[in-house]
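Each of the next two complexes has chain A plus one other chain: chain B in the first, chain C in the second.
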Partner chain A sequence: MTVKAERLGRSIDRAYQWAFRSFLVLAYAFLALPIVLILLMALNAGELLEFPPKGMSLRWFVALFDSEIFIKAILTSLQVAAVATCVSGLLGTAAALYFVRHAHRFREALRVLMIAPLLLPEILTAIALLFFVHQIGVGNRGGFGLYVGHTMITLPFVFLNVSAVLYNFDRSIELAARSLGGRTWTVFRRITLPMIKPGVFAGCMFAFVVSFDLFAVSLLLKGIGQSTIPIQLYDYLRWDFDPLAAAVSSVSILISLGVVLLADRIVGLRALRF
Partner chain B sequence: MTVLSIRSLVKRFQSVVAVDNASLQTREGELISLLGPSGCGKTTTLWTVAGFETPDSGTVHFDGVDVTNLLPEQRDVGMVFQNYALFPHMTVYANCLFGLEMRGVGRDVARQRITKVLDMVQLTGLETRYPRELSGGQQQRVALARALVIEPAVLLLDEPLANLDAVLRDEMRFFIRSLQQRVGITTLYVTHDQSEALLISDRIAVMFEGRIEQIGTPDEIYARPITQRVARFVGLSNLLAGKLRRQAGGFAIVESSAGPIRAIDNRAIADGAAATLLVRPEMISLGDGPESAEANRFTGTVEDSFFLGSVVDYRIRTVDGLLLQVHGRPVSRLAKGASVTVSFLASATWILAA
Partner chain C sequence: MTLAIAPDQPGVQRPSSPLRRHAPFLLIAPALIFLFVFLVLPYFNIIVMSLRVPARVGMYAEGFTHANYARALTDGFYMGVLGQTLLVGLLTTVACVLFGVPIAYHLGRSRSRWSGVLYTLILSPLLVGVVVRTFGWLIILSGNGVANKTLREFGLIEAPLRLMNNEFGVVLALTHVLLPLMILPLLGNVQAINPNLERAARSLGAGRLTVFWRIGLPLCMPGIQAGGILVFILAISAFVTPAMLGGPQVRTMSVLIVQQLIDNFQWPFGAALALILATATSVSVLLYIRFTAPLLRGLR
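On to the complex of A and B.
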């Protein structure tokens, strides 16, 4: 009797495990399949953006690297993302430090303000900012608004990630450093900063990837003749429908992936736990 | 070696008075424990000495020099935190090096000093480990090494053993005590554990509600507490209410509900005043005891008994209705309800204010 029950229990366990694994596979497939499809379509030897591809070829990647407008767009996107990431990294970290450690009276207001770009629809932020840059007389010249817009949108990611690390920060470690003779700035540089680095890097990584992918803000605030990858891609797909678009997408996916891998290499995402 | 003195320290947090006019002065190389329940202000006092808190009034002096307004980094203290507060991103060696770097100690001298201190705390060979790779006891010793390597004027320990398991805690008590004596450093040690304080201290300052209630050697605190709550906080106690009647020869009688009890006189209490008699459970023996003019004897029955390993903790109800806590040897244990005679000498007692 008990043997039977045990056997039944075990087969239920097994069925459960099986179901769980199937679910995982499906979930990952759902997430990864579009990416795989894009890559396959980019390797298409045919003339049209279609699936299944007609033969394999790298011709559309070659076409991409021959295309001046796309190369320019990639470089612009990289540049904007890099600037936005750095500025967000600095401002977001500073804001998080102030918010977690020193803000008393306007604490909640500050938090809402900081994450507002995340809560509002991107297009609203973009329109508001467009009015703003024209109001102050800068307009779309030089893509100033583009940098500001990207920074605004990416700022919350750094702010939230650094705040999370700071909430769990054991202040007695800093006190220990001070009692060992470390001045405020030394303690910040040698103790605090290395310890919150995981949050800063995670936030910056998000910032970069988000900026790289941003559409509405870029569309409204880009300078004349300026274009980022999503904008250029959008422009291109209006008139053309060939696998070059898939090749561009693939490259942009690879760049995002590259950033994550690079971050992992430099700081070691797994080594970030203490 | 440094003389640490705290003078009339007051610290308020909003309306709560955390430290209320606390004063104490160490001798050179002395270890003083601040002992008290949580929230009694012992940690605040320690933090004020470390410079992490600024007192509302009062001063802290190291060797007569007023350091009250100095920042922590200017004070020359070694601090060990309850959770160790090691730098998680640095190796054991780098943890120890930090303080020396801040003091501008040269590389070679630093290496020598770190080697020496790691040897002292028995961590040689673990220099390249990170804190997360060490056991709790090892982390504790790194924290000690890091505090001692800078050869500070004063060592401050904030409940350093609270996070260790019981066996390790017992070991580390002896370890810290012998280390402190070998180094000969003036030390302030915060704890809520009375047995830890008794074992480790040269003197104990017992704190309640922000005040230092009594300061004295462990045996003074244990045998001659000045208030009932000190008596209750340090060790187990039988407290019997009565009225003091002074006798000749340094003795006194406490007229209790169970009749007169002979006790050692306490001159601080007026003849005829209400008084409380303290007698520790281990000072009461089962049986008649020696025939002596000093002896107090009660008969009663065993109401309850608890086996504690080294002793049996009896609750004995005397015929007059007193409930006495008595520690007996764990051999031939008395059954519940057994009738028994207990006795204790006047010299084993102490009289407190009511």
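On to the complex of A and C.
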């Protein structure tokens, strides 16, 4: 290679590296921008969602706590997410225990069925449930379909997380406990459960956060007066466009973040594998 | 009668009766019943519903018909919307690959102490609901929004640009919503690449660009394929983003289907549209797998 060509090659290399770096900065900024802007806009002192904001104030958070519809939506969201998390936590953990330890025949089919709600488009699942609850005569009364839908969508998250922990489970500890005379239930309660706790908590955390943000299922299956935060926000944005919406968004972000931090404090999410 | 002790059962157990042997099945039974009743049956029910006779009053009339499919497939409007939906899905997938590969390539091998922060940055959108994220883009893209204000401030434009209520806005926001799902499968892929391969290529005189093009990118193909499928399916079935940012210009199938179901109460027709969308999605994914298969040859 001649000296000239080598120098040219090196400057191409440098230009490429420079372009790559600036592209990365842009890409990360692209990811962060909308969320940062929402948090910023929620602190806007002005009447409108305008940029740049007219000073800082907490007035829109105060307005939020006076807003009956949004407070009700937050409570509904919390309630639905809590119920869905508990039910899918129980169903998913038990199913994972069977799947990892006892399933031999139809193993692949079982796995696909268990994570099917994750593989199928949410809107299609919502439509399927909408037809179904009406045809069995339950309809949207009491939000039965809403609870079922949220449980359905969140079930794979618990199942996958608990399964992951169970695969790395050293069963000789259980055997030791058993050989020392522990009964099945005692061994489960004292040995198995504490050891799979990180998976259960991580799964439940995902379930809660996912349920909290679920849209299509809630839109089609909610009962009367059962709007969750995403639904209420969507409705609100159709007619109004003010910092109150940003304040609601911020609160919903903070609740999700709080759940994640809580799970991290309890079990430590660093061990999590994505 | 045989005494079956499952291989992974501790050998200290009493010989088990059939009841005892199948007792563990009770663990998964509730979940299976739940999924069968509320997922498998309802999905079959969509097919049945799509073949029912539409009625003016009530959900549907007696009897079965294929008229719903005939109506959807022969009406240029619905086929146009289907085409637009597939186009939005395709553009979003391409954008996610273009953004996702460099990010994953960088993050997957970064030893920087900032990598934890960057991970959080990439995963954080998953914690924020899609309505909230789309609302963020509404703030940015609207006629009097952040983007137009900033551009005008710098004197780059005079009249506000039309950044939403068109395909651009929808694809941009969808890319933001789905990018983490592209990056996650890719990250594992990038981390599995043996760095010695690249070092060897570098020591033989290849520039960084050549190394990326000839070694990094081909080895990322499985992640690109998997992430691409995920992004494409989710982009096509997305409802919130096209509904909020698409305006009357960009109509996607999901928006149309929900309209048929909720506003017009046309359940059999809505079901037929949903199944047409699902079929189109499956066919596109199969074609995609077929055409990307040569790129994966020799990698597994």
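Going forward, the second predicted complex is superposed on the first by the 232 of 274 C-alpha atoms of A that agree within 3 Å, B and C clash if a C-alpha of one lies under 4 Å from a C-alpha of the other, contacts with A are read in each partner's own complex, and residues count from 1 in each chain.
The rule we apply is simple: contacts are C-beta pairs under 8 Å (C-beta built on N, C-alpha and C of every residue); 3 or more make two chains touch, one makes a residue touch a chain.
Everything numeric in this text was worked out from a predicted model, so none of it was measured.
By the touch criterion stated above, A:Ser179 is placed in contact with chain B and with chain C alike. In the superposition on chain A, contact of A:Gly143 is made with neither chain B nor chain C. In the superposed model, A:Arg190 lies in contact with chain B only, and not with chain C. In the superposition on chain A, the chain among chain B and chain C reaching more residues of chain A is C. By the touch criterion defined above, A:Glu122 lies against chain C but remains apart from chain B after alignment on the C-alpha atoms of chain A. In the superposed pair of complexes, A:Gly89 makes contact with neither chain B nor chain C. By the touch criterion defined above, A:Pro198 reaches neither chain B nor chain C. In the superposed model, A:Pro243 makes contact with neither chain B nor chain C. Shared contact residues of chain A with chain B and chain C: 175, 178-179, 274.
Listed in rising order, the residues of chain A touching chain C in the complex are 1, 9, 12-13, 16-17, 20, 23-24, 27-28, 30-35, 37-38, 41, 49-52, 90-92, 94-95, 97-99, 101-104, 110, 113-114, 116-117, 120-125, 127-132, 134-135, 148, 151-152, 155, 159, 171, 174-175, 178-179, 209, 212-213, 215-216, 219-220, 229-230, 233-234, 237, 241, 245-246, 249, 252-253, 256-257, 260, 274. The residues of chain C lying in touch with chain A in their complex are 6, 8, 10, 12, 24-25, 27-28, 30-32, 34-35, 38-43, 45-46, 49, 59, 99, 102-103, 106, 118, 121-125, 127-133, 135-140, 142, 144-146, 149-150, 176, 179, 184, 187, 205, 207-209, 233-234, 236-237, 239-240, 243-244, 254, 257-258, 261-262, 267, 270-271, 274, 278, 281. Those residues of chain A whose C-beta lies close enough to touch chain B in the complex are 170, 172-173, 175-183, 186, 190-191, 194-195, 274. Of all residues in chain B, those touching chain A in their complex are 50-52, 71-73, 75, 77-79, 81, 83, 85-89, 98-99, 102-103, 130-132, 146-147, 150, 156.
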